[in-house]
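Quick one: the structure is below, questions incoming.
Think of it as A, B and C in the order they're written, each chain with its own count starting at 1.
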Amino acid sequence: MYSQGLTDAKGQQEPAELLAAFQAKIDREEKIEPRDWMPDAYRKTLIRQMSQHAHSEIVGQLPEGNWITRAPTLNRKMILLAKVQDEAGHGLYIYSATETLGVTRDQLTDELLSGKAKYSSIFNYPTPSWADMGAIGWLVDGAAIMNQVPLCRASYGPYARSMVRICKEESFHQRQGYEIMTVLARGSKAQKDMAQRALNRTWWPALMMFGPSDKDSTHSAQSMKWKIKRFSNDELRQKFIDATVPQAEHLGLTIPDPELKLNPETGHYDHGPIDWDEFIQVLKGNGPCNKERLQARIDAHDKGAWVREAANVYQQKQQKREVA
Amino acid sequence: MTGQFNNPALHSYLLRLADTSLTMGQRLAEWCGHGPYLEEDVALTNVSLDLIGHANIFYQLAAELHEHPITADDLAFLRDAHEYRNPIITELPKGDFAYTTLKQYFIDVFNVHLYQALSTSSYEPLALAAKKALMEVKYHRKRSEAWVERLSLSTEEAKTRSQKALFDLWFYTPELFETDAAMDELFVQGVIADYTEIKTIWHQQVEAHLQHCQLTLPESGWVATGGLQGEHSEHLGYMLAEMQFLQRAYPGCEW
Amino acid sequence: MAEMKLYEVFIRAKSGLNHRHVGSLHASDAQMALLNARDVYTRRKEGVSIWVIEAEKITASNPEQEHEWFDPAEDKVYRYPTFYPLDKEVENM
């Protein structure tokens, strides 16, 4: 990609007039497109953020994939299968968009499989019961949507466009999860217990999905300026809590936070402290399922190697035959 | 043809169709999240979704013919292995990608001709369901046929794996064309397809393609049979144990 | 091992509309690209027709020359009907 010659990966000063024009363009809410000039740091930040997002979709297939073969009805099986498939599709859309920044799918995959790249910590938690399918759809997808909707207006064109597509497709994900929870909450005692336990497991990790508290967030200010982030972590987290609490009440389920209560002055729910040590540990690789999740991806990639190679070799042979 | 209400033969035939699609779809679903690469992961899942969708429709048709009120889910989740009527090939473990691909190809070619024939069934609900399924299985066949060729005519490893899959699977295919007295009767009534005809055309097309792919048919092996009568391999029990777990552990619940 | 080739995917949403770029995917050959494009990009009836093309076969204009290439069109106001005032009586031309 020739425009890369202009960006400066060697730490040299980028021309002030280009930087100013770039920022002005963003301030005018114009999109940056793949071969436009962009500061090296913008490119790097985007690659980091987008690839983390894509990896999360890919690893995110696994906790739910767990229950496809055990879904309790044919409809639930088809819905879950379609949803997990969407996640693969969404990973693919975002990888596609990331590749326009000059990295390859192979590089991105290597970074994930080598453990170098991060992905959302939520997928390192287990899904031991069917109700986890409900809790994930309702809370994890709910949190993801809060994060993703503003990204539809991200300054980088390919990212924004992929997010528009993803948000459109994901609109059923949260609803199907909430519907699972509704049926369980209104079902037998055992089903209701199942739902409550899943909510207990998922609540705090879901809140952590919005990332560290604003005061500890390292990348936020610059990303806001570049409009690849529109709201702060804490703002989105609060929005999520405010939206979710009444939904839990409607189901007759209890959110596992004794300090949670509506603050009449702010109109928002106050909540108890988030265990950031747990968050850091899980991010570092010490969550309950980090090793299994990564291993599952490594296995799929390794077992697929001969298939990918066969496909390439077949194409080369065909081409030779056509030439001959 | 109307008034099929008391037609156990048709009920049981619809179960054969449904069980076959469900077991295929269930096995294929095991690839979801574990495919050889992302694009193929999405594609395999699409086929799986289609097959489970077909099963759902056939179970519904079967349920309508049942003497007691019963649902598609009851039929899928509350029958034991000996009541399942699929051919054994569809319950076999997913194996490697070559094995999955070849098994899929065998079933896809079979399905294309089966649904083509069933789309003129004198039992209208079956004809309608077959017409819808036909569009989808034609696409499945296009995919799996291309993959069988891609794997066979590429690297040594892929060819070896494909050849091994053929040796392992070939003698499970005769069972696809088996019929029993009840099915023969349905054929006479114009309700179901002529399985002899399907068998002939299946062999012509599949053997030609395998030859084009430079694969060799095995000379002998155990010829699978029994699925139609509920005599299955050991694999089906495990598949159902997993699939039916929630319905069995929490009977009578809504999900 | 080399990565599979990158294909750009274009979809016609319904007849009467142009094919529109929707994204990309990797495939080893054009047929696979086409089938996978169907599975990846039209899971919700998004299209009635698909084109795929190897990304490296696309020839594109240079964004650095955006102004030289496209700005000259800006002052050709005579290409637009509003450039020509009409008498009120024949307003609807």
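FYI, a residue touches a chain if its C-beta (ideal position, glycine included) is under 8 Å from a C-beta of that chain, and two chains touch if they have at least 3 such contacts.
The structure displayed is predicted, hence computed values, not measured ones.
Undergrad: By C-alpha centroid distance to the whole-protein centroid, which chain wins?
TA: The most central chain here turns out to be A.
Undergrad: Please tell me whether A-C or B-C has the greater number of C-beta pairs in contact.
TA: A-C
Undergrad: Calculate how many whole Å lie between the centre of chain A and the centre of chain B, each centre taken as the average of the chain's C-alpha atoms.
TA: Result: the chain centres lie 36 Å from each other.
Undergrad: With chain centres taken as the means of their Cα atoms, state the distance from chain A to chain C in Å.
TA: 29
Undergrad: How big is the gap, in whole Å, between where the Cα atoms of chain B centre and where those of chain C centre?
TA: The answer is 41 Å.
Undergrad: Give the residues of chain A that touch two or more other chains, as numbers and ranges in rising order.
TA: Residue numbers touching two or more other chains: 82, 85, 89, 92, 305, 308-309, 311, 314.
Undergrad: If a residue has to touch 2 or more other chains to count, which residues of chain B qualify?
TA: In chain B, the residues touching two or more other chains are 37-40, 42, 46, 150.
Undergrad: Any chance you could list the residues of chain C touching two or more other chains?
TA: 4, 25-28, 32, 40, 43
Undergrad: For chain B, which residues are in contact with chain C within the complex?
TA: 37-40, 42-43, 46, 139, 142-143, 146, 150
Undergrad: In their complex, what parts of chain A are in touch with chain C?
TA: Within the complex, chain A touches chain C at residues 2-3, 6, 33, 35-37, 82, 85-86, 89, 92-93, 96-97, 99, 104-106, 162, 165, 169, 305, 308-309, 311-312, 314-315, 318.
Undergrad: In the complex of these two chains, what residues of chain B are touching chain A?
TA: Within the complex, chain B contacts chain A at residues 22, 26, 29-30, 32-42, 45-46, 48-49, 52-53, 55-56, 59, 72-73, 76-77, 96-97, 149-151, 153-155, 157-158, 161, 242-243, 245-247, 250, 253-255.
Undergrad: For chain C, which residues are in contact with chain A within the complex?
TA: Touch list, chain C to chain A: 1-4, 6, 22-29, 32, 40, 43-44, 60, 62-64.
Undergrad: Show me the residue ranges of chain C that touch chain B in the complex, using the header's touch definition.
TA: Residues 4, 25-28, 31-32, 35-36, 38-40, 43 of chain C touch chain B in their complex.
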